[in-house]
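Take a look at the structure below.
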Amino acid sequence: MSSVGQTIADLRRTVAELHGELTRYGLVMWTAGNVSARVPGEDLMVIKPSGVSYDELTAATIVVTDLHGELVEGDMSPSSDTAAHGYVYRHMPEVGGVVHTHSPYATAWAARGEPIPCVLTMMADEFGGGIPVGPFAMIGDDSIGRGIVETLRDSRSPAVLMRNHGPFTVGPDARSAVKAAVMLEDVARTVHIAHQLGKPGDIDQDDVDRLHARYQNVYGQA
Amino acid sequence: MSSVGQTIADLRRTVAELHGELTRYGLVMWTAGNVSARVPGEDLMVIKPSGVSYDELTAATIVVTDLHGELVEGDMSPSSDTAAHGYVYRHMPEVGGVVHTHSPYATAWAARGEPIPCVLTMMADEFGGGIPVGPFAMIGDDSIGRGIVETLRDSRSPAVLMRNHGPFTVGPDARSAVKAAVMLEDVARTVHIAHQLGKPGDIDQDDVDRLHARYQNVYGQA
Amino acid sequence: MSSVGQTIADLRRTVAELHGELTRYGLVMWTAGNVSARVPGEDLMVIKPSGVSYDELTAATIVVTDLHGELVEGDMSPSSDTAAHGYVYRHMPEVGGVVHTHSPYATAWAARGEPIPCVLTMMADEFGGGIPVGPFAMIGDDSIGRGIVETLRDSRSPAVLMRNHGPFTVGPDARSAVKAAVMLEDVARTVHIAHQLGKPGDIDQDDVDRLHARYQNVYGQA
Amino acid sequence: MSSVGQTIADLRRTVAELHGELTRYGLVMWTAGNVSARVPGEDLMVIKPSGVSYDELTAATIVVTDLHGELVEGDMSPSSDTAAHGYVYRHMPEVGGVVHTHSPYATAWAARGEPIPCVLTMMADEFGGGIPVGPFAMIGDDSIGRGIVETLRDSRSPAVLMRNHGPFTVGPDARSAVKAAVMLEDVARTVHIAHQLGKPGDIDQDDVDRLHARYQNVYGQA
């Protein structure tokens, strides 16, 4: 197998397994939601097939498309969100993974079109501030992808709440984008709960900046 | 075994297994909730027995009745909601599966008698608009079935919120009706959460129509 | 083994297993919550030992006490709620099982001292109406048991919300009392959710009576 | 192996296993949250490594540090909260275990900087009253540890809500601190739910004192 062939085989297995994190943390129901990964150095991505149950997702069912969503490898139709993933990869070269869910608390903020304010140190750490809202956009052309890219370009956040739709998250690889999706739902829920009985206190912008810088540089294993 | 006999045996197994999706997604507690499937081409349906624990549901415990709820095959009494399922099959020939749950968020909207507004693209996709409310109806005669049919006939939604009672969903087969029950609870919860802190934005009716048409024709595998 | 000895052995196993339903439905955390069963025809009950983890609960760890809570059989101290269970058995001869939890939604109603109104057909079916509130009572003497008995005597409900404390449920046997605890939390949650965005509609008392009578007589297997 | 070596080996296994309780009860997402244990009689503690997934936590991955957070044994970098744990051990000799989570309901109270009032008998039992709020403090120096210690010194509670951050709990050993974290989230949730629809009733301070004294002395096995 060529080196690219091996990389694709590995990414198909990784992406299949990462969908298990979406179900574990309750971010998706039935077949909604999808994870993709860019094939490094190629104009290709691997992504979930459309409408397939999470129980049936294996490396073999994950498909490969070009960055315009044309099927390159695999037996099934790619996710109906493939165009949005592809647009992100074409316009954000630093992104190696994209995740889309309808996780309930993040989607509720998206339904109101309301950004999530940065009131938790964990948000400063992970997102570098609040979570921004992207435009309402129809499925089927470039408009979702364009909305994601334009919103994330102005933000340190790897997560965007697409209005009346749900969250998209990005990362240097698929695992990072899944982590951002998990943490996003967690903070969306906690900040929602906090607001139900009053108003959480803000964190000074200086402190947000310091927390974010520290987390990016110090957290985890070298 | 005759061809009908084989079909019934298959449906009993399928319906037994589909109840596992109700517990997986937390739509039912203890023995409440039930799934049925029409036997194609026959005036028969397969349905959960009454008051049986989900742990004990197997193909063998699922019963077969005619479309008036009279037991045809099986050792146990059919679900106490059998009359409602049968009424739906008699009056909606396109329906092949019916599901009833008391899933908490959908039932809360039902308790207030309040339809769920279409504020999520996923609702437009899956339900074609908001989720309608059916009348208050007593168990034990045709009134629940009649309420379901009269409400769904005026709606694109495969789900109805029966007032002070809970949701019923339908589909071309039992699996589709279970999917609708799962997605219903998901959107009932997300829209509830959205309303707790403000008012979600509406989606234009034109966009709802386009999303619904696209999803029905494009989503999933050919 | 004597016949009573066999009955006690069976009940210890049943009660150990029934605690698994409390954890399955999220009614208890850590070691809180307990199930007991009356030994029919004897002034004895079997009950959970105090402060033991649910993972370690086996038939062997369940203890036997008299109806004043004195240890008769077993190696461990009985639940700190044993006096309350015994009081119920001494004063309600029709009761064969008692369950106590701190399930969150039922306990929230109890914290406000607010009865749960009957706004769901499932409440009419299972509880025959709303869920009443019992008095604030200290642990350590007869006051909890007395509060339970005095409240349930005036109600069709097998469940009582002890003020600032949590729910107790009863039934003809331990399994029925566990079912009531599970259904109670379900309706406590759904009615809570319904109230968060408005006011659920009432069910006429006549309809409540008819639903309750039907459910007691028709539901389940003969 | 020396006696201290055996103790450390045992504590590493215990602490690895106790992290499973954090995931079981939904107190942590992804890699957030950590448990530590003091090594009795030594100026050492065992603690979770930084940014490691709960699935990969084994006795072998748990690290040993001194009470200033310097790595003594193990291959990985210690938790980014190690300085806070160490400060607690240095200043509270009675503490043998420390737990930090971002459990959603407790963190929501922390985000508002609002103490949880004692309105449940379970809170009186376990916490001896309400749950206090600690100051906003930055990660990276002594300020989190100092905030924990100064808040808990004035309280019977083994739990503190660090403002805009999340809860820390302590106990005579790591298991007790984990129990406190589990019970804290349970009461944070129940009291939150109670407040959503009104105002829970207070418990008289005398009753709180009596309940707490009884629980500390009578509950559980001798």
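In order of appearance the chains are A, B, C and D, and numbering begins at 1 in each one.
Keep this in mind: a residue touches a chain if its C-beta (ideal position, glycine included) is under 8 Å from a C-beta of that chain, and two chains touch if they have at least 3 such contacts.
Just so you know, these numbers come straight off a predicted model, no measurement behind them.
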For the Cα fit of subunit B against subunit D, please give the angle of the superposing rotation, nearest 5 degrees. 180
Over half shared numbers or under half: where do the identical copies subunit B and subunit C land at their interface, same or different? different
Taking each chain's centre as the mean of its CA atoms, which one is farthest from the centre of subunit A? C
Averaged over CA atoms, how far is the centre of subunit A from the centre of subunit C? Could you give it in whole Å? 44
Nearest whole angstrom, what separates the Cα centre of subunit A from the Cα centre of subunit D? 31
Each of the following residues of subunit C touches two or more other chains, namely 196
Chains that touch, pairwise: A-B, A-D, B-C, C-D
Quick one: in the complex, what on subunit A touches subunit B? 29-32, 49-52, 76-77, 80, 102, 104-105, 107-109, 111-114, 136, 138-140, 163-166, 192, 195-196
Show me the residue ranges of subunit B that touch subunit A in the complex, using the header's touch definition. 25, 119-122, 179, 182-183, 186, 189-191, 193-194, 196-201, 203, 207, 210-211, 214-215, 218-222
